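Chain naming follows the written order as A, B, C and D, and within any one chain the residues start at number 1.
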């Protein structure tokens, strides 16, 4: 499906604020970016570089006063999500080199502490896709979705304790449980068609059956219409903006529409 | 300066033809791409990947019949070219690792054969920028610019023999002479503002004084307004299209205009 | 100084256990490996690959029964550590791309929670080296070094609470405090000459004044004689072994001697 | 098979000569390096770095006077070479990204000029392994092996004209003919067990049937016992030494023996 997506951010700050954004979708196996635009008001230089995961990052020194950044794109992506209950667990010796890093614990995914729970939740499942599916269903049924209950320091362990969070937290918990079963899992930040209320979204991918599959613990069944902005170990890697100074986000408008 | 650039290609072919294009400018230290568009008619999937030089390449299976590809971009680039007659030659032990490959001979740049000529042409020059400058001036004065005199097999040695060629040949000769003096040099393919007649263009960069400087042997003084499409060792690396089959290019229109 | 280093590990396991080791020093700017050996008893295939930080990792399927791995090397390294109280803090816009990742929080370094403490500890310091130095001195004076008090799940926040730990914990705390001041910091695992009792060691590097400097919060003044095995964000990235199954480490002997 | 290999080089020069060596085998899928040694007399610093093909390169400033470099290794490699007459040609759209560069012409492999010959030589062959096999057999039967007939400027086109050369030339011709059929091919430099007379050797790999296969046009049937030192497009990429100045190679002794 062909989607018109945009994210418009308005900042206010008293000084210049060096910042890194990750708001530029790029073409790849999962999507093709027909058109891509990054508008700054007032016009401000942007330096773009790929991080270690090959995500596009934008360095911008936000000027003092009022600043607006708008990223718009026309992107072709799949309108469905691949499901394969027979995709099996891949033992470490057969995992490609670049996938191994997604077995490690990370800032918000303390997978070194979750083995018991993961084993319990996936009892009786065939190793692989079915385990991840069981994990997602459990999260979807056990964690309450509520804005404002968590913050940028909330990790999977915190979410497990409070049983409440937003897409980012659902995702961290899913990733953590997968990794504790030696299933590689990575975070995805991006746009999702028909999300209500509309916002930037986060989900995850698990490597089973020899490839990455998409999972979204905030949904009963993962839907298509996903535009990827960034992949990473967890939210530390895929923040849509990191400020090095104080900038106040006055307004954020996200739009995803059929072209 | 803010430039609107576009390249429109029309192909005709009897079968499907797998092809690789390099027509997508990307943001970097030299330029910022405000808007980027890649249009295919009929609509055809595009897979994009970075090559070993980090250029963006587009894999497209050209459909049989008539096919049109248009790449359009709005790009911010410098309106001047840095000149520094004092930028000195960097001995190999102080060159960064990633620059060393641009000392090697390549398909169209037989630098292993040009040392005598390069030494003669640069007699009396301070090692570094001044040598490259002398090389460019010599090429500009000695090689005649004429369309249709060379083809995709013409190398620097051929150009030296016939003393005639186009931008690609001028560039190969410049690169070859630099490398034979142990000055790293790389080819650049891209757009040039105010080029007459308008077309895609090629020039080169030499690494002196600790950074890459732009040189263009087709001009007396290199002008700004340059949008980079690809970097490489020579034309083998930066072809705007490589076909794996027979496709006929019916029309090619290049446009570069002030925004 | 030329050091003969070795690490000998003896495992016992009931099944085969896929494992990843990081025990192979490699040559680079910091050290030159004259000789390198990796011995397995019984003889077992080793697949080596570089991770995203370019560390050498060894995949080995530990056979059931008894297994011995010995890594030996003869390495040339500096016998001192560079100290530069004038190396200043580098603002984010001037940091190289590949350094930026070491500003992010990670599994054992919750730098998003430590800003207040870091500011207090470095009051009056010139931004940069002096801050990192003050952090190390504070850790050295405030945290008690004691084996067996922490485990593989202990993070900087845990260490701050209990005020006790080993080299790994001292290092995590140092890294965390640096990052909370927007100073890039990375963990180093390796050998240290004259360490008592002899063992593998961990320390960290901070990026100030345009380069990485070595810091070791377990010492009053960092000493030279350091052989690097791996760099990473924290202990999750640089574990000398990660098992995917149950292998018991029966014996570990580390040796570092002047050649 | 476990091989003890060594290459000892003795140089003489009047000044210091910055040089790049490629004499350090590394572990990978094709081989495991149990022990690795690089000895310099007089003792001289070595800086090692990976090039764009991930080969290990050693920067050494050869001191004036007499200098000796000895690389020794104990390496485990296959004692046979995989042969698969059914490995089929892979169309470009299905080739992995990193393989595409080995379709391009390069300094010593003017594949843009060899299509007619390649088609003639492989008439009747199934596309893929059988074509490469036919190419090797033709080279083996048509080109005379003779030392001293070619030099560092000799390309595939030159060899085709003179019909004489050494392993490097046989390899260039093989690679060139493969690429002109859109079969990716890369050069390999290394050691070969039982080579007579013993020397460093060169051969090539072609990508058919979804993987790289080894070919050696200097042999009727390619034998095993191969230790890889470097991969590249052609000899420009894999030279065992490149000097930036004048050093005279006084003696070179290569040894390959069963351990």
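The rule is short, and it goes like this: a residue touches a chain if its C-beta (ideal position, glycine included) is under 8 Å from a C-beta of that chain, and two chains touch if they have at least 3 such contacts.
Everything numeric in this text was worked out from a predicted model, so none of it was measured.
A.B. asks: Using only Cα atoms to place each chain's centre, name the chain farthest from chain C.
C.D. replies: Between chain C and the rest, the longest centre separation is with B.
A.B. asks: Once you find the CA centre of chain A and the CA centre of chain C, what distance in Å lies between them?
C.D. replies: Between these chains, centre-to-centre, one finds 29 Å.
A.B. asks: Between chain B and chain C, what's the gap in Å when you average each chain's C-alpha atoms?
C.D. replies: Result: the chain centres lie 44 Å from each other.
A.B. asks: Taking the mean of the C-alpha atoms as each chain's centre, how many Å separate chain C from chain D?
C.D. replies: The computed centroid separation for chain C versus chain D comes out at 37 Å.
A.B. asks: Find every residue in chain B that makes contact with two or more other chains and list them.
C.D. replies: 49-50
A.B. asks: Looking only at which chains touch which, which shape fits best: line, ring, star, complete or other?
C.D. replies: Graph shape, chains as nodes and touching pairs as edges: a ring.
A.B. asks: Can you work out from the touch definition every pair of chains that touches here?
C.D. replies: Result of the pairwise touch check is A-B, A-C, B-D, C-D.
A.B. asks: In the complex, go through chain D and note every residue touching chain B.
C.D. replies: Per the stated touch rule, the residues are 18, 20, 49-52, 57, 59, 61, 91-93, 97-98, 100-101, 104-107, 109-110, 112-113, 152-153, 182, 236-237, 244.
A.B. asks: Taking the complex as given, what residues does chain A use to touch chain B?
C.D. replies: Within the complex, chain A touches chain B at residues 26-29, 32-39, 45-50, 54, 58, 76.
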